[in-house]
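What follows is a pair of complexes built around chain A, which joins chain B in one and chain C in the other.
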Partner chain A sequence: MKRYLFPGVVLVLAYPLLAAGYPVWERLGALVLLAAIGASAWNIVGGYAGQVSVGHAVFFGFGAYSAVVVYTHLGWPPIAGAPIGMLLSVAVAAVIGVPTLRLSGHYFSMATIAVAELVRVLSSTSEFLGGAQGLTGPAMPRTVFDLSFLSATPFYYIFLAVLAFLLGLTWWIERGRMGFYLRAIKDSERAARSLGVSAGRYKLYAYMLSGAFTSLAGSLYLCMFGFVDPESGFGILISVKMVVMAALGGAGQLFGPLVGALILVPLEELSNSYLGGRGAGLTFVVYGAIIVIIARFLPSGLLSLFERRSAKPAAKSEIASGHAD
Partner chain B sequence: MLIDARNVTKAFGAFKAVDDASVTVEEGDILGLIGPNGAGKSTFFNCLTGDLPVTSGTVSFAGNDVTRLPPEARAKLGLARTFQVPLTFESMSVLDNATIGALLRHPNARDARARARDVLQRVGLGHLTDAPAKSLGTPGRKRLEIARALASEPKALLLDEAMAGLTPTEVREAIELVRRIHGGGITIVIVEHIMEVIVSLAQRVVVFHQGREIARGTPREVTSNPAVIEAYLGRRKVQHGAHL
Partner chain C sequence: MTLVQVIVSGLLLGAVYALFSSGLTLIWGMMNVVNFAHGDFVMLGMYTAVVIWTALGGGPFAAVPAAAIVIATLGVLSYFLLVRHIMRGPMLAQILGTFGLALFLRYAAFWTFGADFKTLPDTLIGGSFTLGGIRFEGSRVLAGVGGLLITLLLHLILTRTSVGSRMLAVSEDATAAQLMGIRPQRMQALAWAMAGAATGIAGALIATFFYTSPTVGETLAILAFVTVSFGGFGSVLGALVAGLIIGVVESLSAYLIGPVYKDVVVYVLFVLVLWFRPQGLMGKA
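Let's turn to the complex of A and B:
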């Protein structure tokens, strides 16, 4: 893995230069990074801790709506709503998490879907949130803080900075006590608790942190697109995309969600541009197919293919010495 | 005394798996809990560790009333356990498995790892530290369970059928390991139905049958107790004209 890191970083930093003059490609780069932020945020609780939330759209929507609401109702630049959305999401994560994280496996997933759908329906009846029509951000940039740019390149670098920070934070967590504990909880919560791991508390921490960054992704989405409605904020497809991207690349692995985003976002853009409006339903079909394929053939994601190849010889000799014991 | 369970009852619906059992364990003891299948010894064990809440009665550990405490809080007080069917952290290496235990007293991952390495060395898994835990067979997994629990630096180690599924040679090795752990100053409670293990390890034995305690004493005393023999082998029926 390590030898790909340096060329990878150079390529990521230089990408906008390669794409310069091709708005479609500039936009695509930014979209991949934005999706990677959301999926990487999901990965903290869904991947590392193994608590598969299929309702992360709640946090994404809170972020997007917070950003647009501070503009609509207070006249602030949308990005000022980002910290508000993050705080709200942490609070909401605590409220949702305390009862639902006691559920195991599929029951937790179903509970998160139920909460997200409930919030979606409620948001579409809320006058304050613009109802089913949604809300629109500033049409013309008033100051630079409105983050309204002609090209997608500034967004690319903003998203890149956020993603780098998030992955750095995740890396730091992964190597410390919390990272060990989250993986232990994922493997066997009962065994973890018998070793003094406060499983409930750690799952909740992971859920709150994950919610905060998912919310940030939502705020950034609003800054770029300037519009959110119940479907694009709280819709189930938002949640499903995060899960599928992380699972495709490798859930519980640092770069898994980024790899997933690198594959799925271009695919989605392609199908949208070729199929137009008719492609909307097809997106669900594609995601469904990917879920089936991952679950059947690649439960640990694409990155595991690399890991397996480089880890094989070592593992073999260890097993052999185990038999000799 | 280190563990004091008083009048513990655990009912599942109308069925009392453990019925009014009282057991105390002194510091430095090796206490055996034995009984035929379904006697309630594992259920009682899980009431001690907090995996099952008691229906009535109290459990105290090291002077603290732990009756309502979850397993993780009891582990923090120094109560460690193994599982009858090993619950290995499958996605991790052997070393990381032990590190989870060590992190309880050593929050810094580097310290915990060093500590885990020591413990693995002590239980005889030193040559397998970097192996994936899922590559271990049953004896290795049982040993890893013990290593993980030891790494949490407990006052008491509760072993739930730690020898089940082992060959006679492996059982002897495991007995040796438990002796060494006990020699290191850790109180042991062991649930077992291999008599050989209990006789060679335990200083005191409590015998369960149908959820109740039917005998206690040294291994010699209980194995010659008629009530115990009857519980294990059944009552000898005197039948006139029986051919067998």
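Let's turn to the complex of A and C:
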């Protein structure tokens, strides 16, 4: 993987220059990074710790609504709501996580779906959150802090900085004590417990951290789109997309979610902007088929392709390839 | 009397929930796979009924069996082409694969039938009648009673017949079952066929009183997930009890608190059940 890193970084930094003048492509770059932030945040608890949450839209929605609420009710720039959303999400993660993380496997997934749906329905009945119509951010930029730009390029670099920070943090966790604990819990919670890992506590830490960054993704989403309603904030599709992107690239791997986003977001966006209408139906048929085919032939995600190849000669990465649970 | 009316309509609705959840719980219990495309199986059952009923002029007695056959075939195909290969992989591969299948089916329906809502003409089973002061709608009674009977039938097949025992054997230990002369793949394919047939019938019954659209599966899938986790995975009887409880709770809370809050009450109830009984009402620990 390492030899792809340098050209990859150069390409990522220079992408807006290549896309300059083509709004569709400028936007696409920013959207890929935004989706990658959400999916990478999910990856901490869903990939590394193996706790497959299908309700991360709760945090995404909290982030998006925090950003728009500070604007609507206080007149602050939306981005000021981001730290508030992150703090709230950590608290919410604790409230949700303590009961649900006791559940295992599919039960945890189902519980997180139910909680997210509960929050979605509640949000659509709340006057404060604009009910089913949702809330709209600033229509005209007042200061530069409103983050309202003509092109998507500034967002691209903001998202890139956030993603780089998040991936750096994940990398640091992965190599440290917590990373080993999380992988141990994923492989066998009972074994991890018997070796003295306080599994409950570390799952909760991972869940809270994951929730905080998912919330940040939500706030950034609001800054770019300026609008959120219960469906685009808390909808099940938001949660499922994070799972699918991470799983497609390779869950529990640093760059897995980014790879997933690189494939799924362009597929979705380009079909929307170039086809639209009835054509969009057909492209989503292809989209679904591609996901099915990858799940069928590469159940551990696309990155497992590279891993297998690089692991063969020296059999060096035993940890990385040994999670066929 | 209105309260009784509310409870009765809740029970009728609950029986339909039970039926369309029983396919999901059967698959879940049989091979520990959660089918994220389940809602879209129901959706296709609804479309099959609509097409047979209206376009081809088949009427309900052709529509219900047709939906059962079509969705059972779809289930078996999904099993052989996809699920068989991903069921031993990581849980994420299951979500990825079945969600991809869901998207595929949903947009195939969108592309074929368009996005607009379709409803069935309410000729044969339309109208309503009053019995003991309670008003019954024909289509809902048909759907509720049909749901109840077929869910019970499924339960009896699984618990009282030799095919049911063989399926149970495979779900408990496929290797041991194989040593006893049972072919696990055949039993699992049969489970998909049975689950598909139940799901198809559920779709045809729902289509008699609910709008049919390509995205209707999403709403139904969430309800099915809740019903199944509530009832306990793998238990058709559990799905039946949970379905009835959810139907009644929904109707009661819509009547007593307000229609907007019926889902809130159901989800809160669900979270409480998971807290106190993580394995669900009838699940094994």
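The criterion applied here is as follows: the second predicted complex is superposed on the first by the 293 of 325 C-alpha atoms of A that agree within 3 Å, B and C clash if a C-alpha of one lies under 4 Å from a C-alpha of the other, contacts with A are read in each partner's own complex, and residues count from 1 in each chain.
Methods note: a contact is a pair of C-beta atoms (placed from the backbone, for glycine too) under 8 Å apart; a residue touches a chain by one contact, two chains touch by 3 or more.
As the structure is a computational prediction, the values presented were derived from the model and not from experiment.
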| item | value |
| --- | --- |
| Which partner reaches more residues of chain A (counting touched residues only), chain B or chain C | C |
| Partner chain(s) touched by A:A184 [first = chain B, second = chain C, both, neither] | first |
| Touched partner set for A:L216, first chain B, second chain C, both or neither | neither |
| Chain B versus chain C as contact partner of A:V45, first or second or both or neither | neither |
| Chain B versus chain C as contact partner of A:V92, first or second or both or neither | neither |
| First (chain B), second (chain C), both or neither touched by A:T100 | second |
| Touched partner set for A:V259, first chain B, second chain C, both or neither | neither |
| Touching both chain B and chain C, residues of chain A | 325 |
| Residue numbers on chain A that touch chain B, as the complex places them | 175-177, 180-181, 183-184, 186-188, 190-199, 252, 314-315, 318-319, 321-322, 325 |
| Partner chain A, residues of chain B touching it in the complex | 49, 51, 70-72, 75-76, 80-81, 83, 87-92, 96, 99-101, 103-104, 107-109, 112, 127-128, 130-132, 135-137, 140, 148-149, 152 |
| Residue ranges of chain C in contact with chain A within the complex | 28, 32, 34, 36, 81-82, 85-86, 89-97, 99-108, 110-111, 114, 218, 222, 225-226, 228-229, 233, 260-261, 263-264, 267-268, 270-271, 274-275, 278-279 |
| In the complex, chain A residues that touch chain C | 46, 52, 54, 99-100, 102-103, 105-107, 109-111, 113-115, 117-118, 121-122, 124-125, 236-237, 240, 243-244, 246-248, 251, 278, 280-285, 287-296, 299-300, 323-325 |
